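Scroll down for the structure; my scribbles are underneath it.
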Amino acid sequence: MGIGKVRRLGVLTGGGDCPGLNAVIRAVVKTAVRDYSLGVVGFENGFGGLLQNRARDLSEKDVVGILPRGGTILGTTNRDNPFHYPTIVNGEKVFRDVSDRVMENISIHGIDALIIIGGDGSLSIGKELFEKGLPVVGVPKTIDNDLSATDQTFGFDTALNTATEAIDKLHTTAESHHRVMVLEVMGRYAGWIALEAGLAGGADVILIPEIPYSIEKVNAKIMERFESGKKFSIVVAAEGAKPVGGDMVVQRMVPDSFEPVRLGGVGNLVGRQIEEGTGMETRVTVLGHLQRGGTPTAFDRVLATRFGVASVNLVMEGKFGEMVCLQTPYIKSVPLAEAVGEMRVVPTDSDLVRAARQIGISFGG
Amino acid sequence: MGIGKVRRLGVLTGGGDCPGLNAVIRAVVKTAVRDYSLGVVGFENGFGGLLQNRARDLSEKDVVGILPRGGTILGTTNRDNPFHYPTIVNGEKVFRDVSDRVMENISIHGIDALIIIGGDGSLSIGKELFEKGLPVVGVPKTIDNDLSATDQTFGFDTALNTATEAIDKLHTTAESHHRVMVLEVMGRYAGWIALEAGLAGGADVILIPEIPYSIEKVNAKIMERFESGKKFSIVVAAEGAKPVGGDMVVQRMVPDSFEPVRLGGVGNLVGRQIEEGTGMETRVTVLGHLQRGGTPTAFDRVLATRFGVASVNLVMEGKFGEMVCLQTPYIKSVPLAEAVGEMRVVPTDSDLVRAARQIGISFGG
Amino acid sequence: MGIGKVRRLGVLTGGGDCPGLNAVIRAVVKTAVRDYSLGVVGFENGFGGLLQNRARDLSEKDVVGILPRGGTILGTTNRDNPFHYPTIVNGEKVFRDVSDRVMENISIHGIDALIIIGGDGSLSIGKELFEKGLPVVGVPKTIDNDLSATDQTFGFDTALNTATEAIDKLHTTAESHHRVMVLEVMGRYAGWIALEAGLAGGADVILIPEIPYSIEKVNAKIMERFESGKKFSIVVAAEGAKPVGGDMVVQRMVPDSFEPVRLGGVGNLVGRQIEEGTGMETRVTVLGHLQRGGTPTAFDRVLATRFGVASVNLVMEGKFGEMVCLQTPYIKSVPLAEAVGEMRVVPTDSDLVRAARQIGISFGG
Amino acid sequence: MGIGKVRRLGVLTGGGDCPGLNAVIRAVVKTAVRDYSLGVVGFENGFGGLLQNRARDLSEKDVVGILPRGGTILGTTNRDNPFHYPTIVNGEKVFRDVSDRVMENISIHGIDALIIIGGDGSLSIGKELFEKGLPVVGVPKTIDNDLSATDQTFGFDTALNTATEAIDKLHTTAESHHRVMVLEVMGRYAGWIALEAGLAGGADVILIPEIPYSIEKVNAKIMERFESGKKFSIVVAAEGAKPVGGDMVVQRMVPDSFEPVRLGGVGNLVGRQIEEGTGMETRVTVLGHLQRGGTPTAFDRVLATRFGVASVNLVMEGKFGEMVCLQTPYIKSVPLAEAVGEMRVVPTDSDLVRAARQIGISFGG
C-alpha cells in the first residue's frame, strides 16, 4: 500500500444511518469510475466488513437509483472499533486492538486509499488508522449537525424537516383540544434540531442541552399563554435537554424488562411536570427513528454529492488524513486530527437563540 | 323548536380530532348559507360549548382557507356528556343528567336543527338528544375506520398515509442496520390502520386486535427471514393487538409518576420480546398523535365535503335522527340508532387478510 | 399451452405508466412464488417484449424494494399491438396481424398463463389473445379512473393527490397576487381528476368533458367572486373539457415545429379567454406528466397489491378471460369482454357534482 | 417623520410571491410588538397600498397560523413603482414620479420606519425612498437566489425541493417508457434552481443561463447514455438557458391571442430538438408557478424568521438604508445601495459545477 498512483479505492459507512449516505456513495463511485477510472470496493457494515472481509466491487450500475433513497446500501453499525474490538477470552469479554487485520485486508483487496463516511466515532478510528499508515479520507456524517469543522452535515436538513412537519401535525391537535403537546427530538449534546425545528414549527418553548431549563419557567410561559387566550402550547425538547443543576434524563431500569427501558426520556418527564404544574392536558410524542429515515431533501442530496466528489478529489491529490467540509459556499478540507472530538453546540448568545427569544419563545432558562 | 321551517342550524365537533373536520364544517356552512340561506351557529369544544353557551355565528368568511387544515376551528373534547355530566357534590364527583340545559340553549339560540360531527360516543349522545326531541343529524368521524354503518370515514386515509410514510422511513434504517423495527399505530379495537399501512409499507409482520398473536410465531417469521438472507424485519402493531389468550397490553403504574405511564404499550412489549427471542437489535416507534394531524388527503377532503353537504340536505329534508354515510359510490343515510355501537372490525377471512398472508405477511396467528 | 396445471406465469405491463404498477408486479411474483410455487417470466416493454422475446425470469429478489416506487420495472409502451403491428413493406408502413408470434413465444417460454396489466387498449388486446386461445387474466390500469367495470383503479388516488397539492400551491400565489390561476389536469374523456381535485383543493370553477362549459358563465362566476371581495379564483380544467357546442380543444400546427405543438390545450385557451373577459391577470399551469409519477399513495399500494394477488388466484382457479376489479370492499372479477370499451364518465347528476354545485362551485354549464 | 424614537413601523411585500413572506411578516410583528412595544401597519399589495392608502394595523393575532403558509397576507404586485407610475393623460399612458404621495401617506399613518420585503426591483425603490428621506430597511426576497449580497434568500430552498420532487416524479416515467424528459424550471438570469435540482434529482443534462449550450452536445450525451444501455435521460433547463451565440428563447406572438403566448420556452424548444436529433420520444414539463407556492421548508421558515427579527433590530438601531443578509452562519446587513443591481450568477468554475461535471452531468457546453 503506497501513496503512489491510486488505482483502487475502498469505501465504508459507519455509525448511525442518515439520509444522504447513499448520495455520497453514488458520488464517490461515479467520480472514481468516470473521472479517474478507478476501481471501487465497498465494505459492508462499517468497520465490521473491513475486519471480516465482507466487501464487494462497486460499479456505476450498483449506484443507479440510490440518490433519493435514505440509508446506506453498504450497511452500517455502531460497533466493531478495530482498536477496541470485543473478544471472548475464557468466557469473559475483553477488548483488543485488531487494527492490523484492517491493514492486511486493505492490502488483500489491493486498495490504495479508504474513504470513511462516518460520525465522530468512525472518523476517530479513521484518524488512528491514518496514523498507523493507512491513506484515509473522511466524510463527516452527523444528523445532529454537531461537528465543529463543517458548517453543516448532510442528514440534518432532512431530520429538521421531518421534525418541523411533526410540529405542524401536532399543532392542529393542540389547537383543537386546547392541549400542551410535547415533541422530543434528537440532539444528545447539541440542540440544533430542537432549536431550528422549534423556530420553523412555531414552538412556544424549546429545550436544548445548552440552556438548562427550569420547569417553573416552562410552566409560567404556558400559563401566560393560557391567560392571554392561547389555550394550547407546543414544547420541543432535544433528548439531551436537562434541568438546571441536573443531568440528562436517564433511562431507568424497570424490574421485568431485560434492558433499561426508556421510561422517562426528557419528553415524558417534562410532559408529566407540565400536566402537574399547569393542570392542562399534555401529550408527549417521541419522534425517534423517524428522523433518520426518508428520502433526503434537495439540500442534503446536493451536499452529500459534493462531499462524495470532493473526497475522491482529496484522494487523487494525496491529501490523506483530511476530512471534507463545508465552508459556505465552498467545499474545503481539514485535518481529521482537528475535526474529531470538536463538538459544535448552539452558542447561547447566537442570533438564532436571540431571534427565538425576541419573538417570544421561552428556553425555560 | 319545531320541525317546521329550518332557518338556523347548529353545528359542533366532538371526540378526538381528526383530519377533515374543518372540511365538513366548511361544507356545512357553505351549503347552509349559499344553497339554503340558513344561519349557522358553531358551538365550541363539543357538548361543552352547548352546555355552557359558548357559541358563535359562522359565515362563509369564517371558513375561508380551512379546507386543507387539520383539526377543527370549533375545538373539540372527549368530555362533557350532557347525560352523564360530572359535578362536585359535597366534595365528591357525581354524574348527573344535565341534558335539559342543552335543549334550553338550543332554544335560546333559535336553532332548528343540530349537526353533530363525532365518533361513536358523540353520536350516541346525539341519538339520546334526538330521542329527547332535538332535531339531530350526525356526521360520522372515526380515524380508526371502525364504524360499521359507513364504508369509510374521513381521517382514516390521512392517518393511513402518515403510518405508511413512517414505515417507509423506518425501512431504510432497518435495512442499513439489520434491525427489527416495530411501529405501533392507532387501532384499539379494529386493526384497519395496521393492516393497510402494513400492506402499503411492505411490513413482514402485522399484529391486529382481531387476530391474537403468538410471539413465538412472530419470532419464527423474523428468523425465517434472517436465515434466508433478509437481515431485517418490519413489524406493525395496532395499539390494541393482544397475545393469544391475553388482554390488550395495559399501561402499568410507575411509582414516581402521578398517572399511569404508558410503559409497555404493545409496541414496546413486542419489541422487547423480539429482541429476547431472536437476539436481533430491535427498535420501537410509537406513532401516536402524529396520526391525527396534518393536512387531509384529497380523499378525506372530498369525503368530508360530501358528508358536510349531505348533512345539511338531510336537515332540509327533515330526516332527523339519521347519520350520513358512504355506500360506495353514493352518500346515503342510516338511523343513528342503527349506526352507533356497531363496530366494524377486520374480518379475519377477508380478502385483505388473505392477500396479506399470500404475499408472506405473518399475523403471528 | 394447455389450461391444465399451471407451472409458469407470464406478466407484462402495457400503456402509459402509472403509480402502483410495481406494486402489482411485486404481488404477482410473491403470490406466485410463495403461495403456489410457480415460475414467473416478465416481458419487457409491453407487447413489444412478447413479440421480440425480450423476457426475464422474476424471482422474489427482483421485486425487493419496488413497492413504494412509481413506474414499472418491466417497462411499458403505448405501441406494439400484435393484431395491428406496423411493418415497412416496399417503403410504406402497413399494419399486420402478427399475433401468432405471441402464441409461439408464449410456448417457447413454457408459459401456462399470461397476466396483462394495462388500460383499455392493452386489455382489448388481451381479450383478443384470449379468444385466440391464450389463457389470459387482466389487471385494469387507468390513471383517469374511467373504467366502468371497477369502482376504482390504482394510480388515480396518487394523481388526485398530486393535482390537489398543485392547487394548494397555486392558492397562495392566487391570493397574494389577486390572480386567476388555471390548472389543467389529466382526463381526456372523463373528468374524475378535475372534479375530485377541484373539490379537494377548493376550486371555484371546474371544467370537465361531461359538462360542456360556456366561457361567459365561467367569467361571470369569477366576476361575482371579485365583486364580493374575493379578488382571486382557481379554475381546474380536465384536458378534455370542451365548450358548449364545441370539440375538445385540439392542438394546432405551428409552422416551424416538426410536430403539432400543444399550443392551446384547454388550459391555455380558457386562461386567455378569462383574461380577456374579466380583465384579471390569469396564469396557466399544465400539470402534465407530474401526475403519472411519484411514490404511490397507501390506497394505491394496497389496491395494486390486492389486484396482483387476485390475478394469480384467478389463474390458479382457471378463470381465464377475466379481469380483476374492485367492488367495494371486495375484489371480484368480470369477463374482459364486458370490461373493455365501457367508459365510466362522471354522471352529471351524481351527488359529487351536486355537492360541488351546492357549495358554490361552477361547472360553466 | 424623524429618525428619533421609533413608535410605529410600516411593512409591505413587493414583487413576485415566494414561500416565507408570511414568516417574515410574522417575525416583524412579533418582534415589534413583544420586544419593542411598537405599533405595526401593513400596506396592502406592495407600493400600490402605500400610494392608495390601503393599510391595516397588524397585531400578534393577525399573524397567528401564517408561519407554515406560502404567499403573503399583505398581498403583493409587480407594478406600482412610485417613481415611475403609470397615469393616463389625454388618453395616453405616461409615467410620473408620485413618490411624494408615499411620503405623505407614511406621515399620515404616523410611521417612523418602513420595512420593505422585496426583490431587486422593490429594494431599488426602497433605496430611492431612503435617499428621499424615508427611514427604510430592506429584507431581500428572490426565489431564484440571485442576489449577490446574501448567501441565500428564503423561498429558494422550497422551490428547489419542489423542482427536485418533480424530477423524482419524471424519473419513473422516463425509465418506464425509455423517454427523454425535459423539465423547465425558474431562473431567468441565474441557474441556481436548475443546477441544484439537477444535482439533487440525478439529471443527466443541466442547462443554465451561465453556460450557453450546444444542442449537439446535449444530444451526444443522450445518445451516449442510450448506447451504454441507459434508455432514458433527464434534462433540466433554467428558463433563461440559451444556445451558444443565441439569446434567451423568447416568446412568440400567435395571431389569435391577445398577448404573447409562451409558445416556445427553452424547455419546449430543446424538447423538440432532442426528439429530432436523437429520435427518442421526448416529453416536456414546465413547472412554472408551482415553484412559488406551498408551505415553506424548515430552512426557509427559519431564515425568513431571522430576517424578520433582524430587520426590526436594524430599525431600532437606526441603521436605515440597510438590508438584512445571511453571511453564514450570521445575519448581518449591507447598504441597499450596494445590494441592489448586483446579481449573483452561478460561477462556471465553482465546485458545484465541477462536481456536476465529475459525476458525468453535461451542461451542453
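Note that the chains take the letters A, B, C and D in the order they are written out, and that residue 1 is the start of every chain.
Definition applied: a residue touches a chain if its C-beta (ideal position, glycine included) is under 8 Å from a C-beta of that chain, and two chains touch if they have at least 3 such contacts.
As the structure is a computational prediction, the values presented were derived from the model and not from experiment.
Under the touch definition stated at the top, chain B and chain C share no contacting partner at all.
Each chain gets one centre point, the mean of its Cα atoms, and the points for chain A and chain C are 42 Å apart. Note on chain placement: the centre of chain A and the centre of chain B lie 35 Å apart, centres being C-alpha means. With touch defined as above, residues shared between interfaces to two or more other chains in chain D number as follows: 168.
Chains touching one another, given as pairs, are A-B, A-D, B-C, C-D.
By the touch rule above, chain B contacts chain A in their complex via residues 13, 16-17, 19, 21, 45, 69-72, 75-77, 162, 165-166, 168-173, 175-178, 181, 254, 257-259, 261, 263-264, 268, 272, 275-276, 283, 285-286, 288-290, 292-294. Residue ranges on chain D touching chain A, taken from their complex, read 26-27, 30-31, 34-35, 67-68, 151, 157, 160-161, 163-164, 168, 196-197, 199-202, 295, 297-299, 301-302, 305-306, 309-310, 312-313, 328-331, 350-352, 354-355, 358-360.
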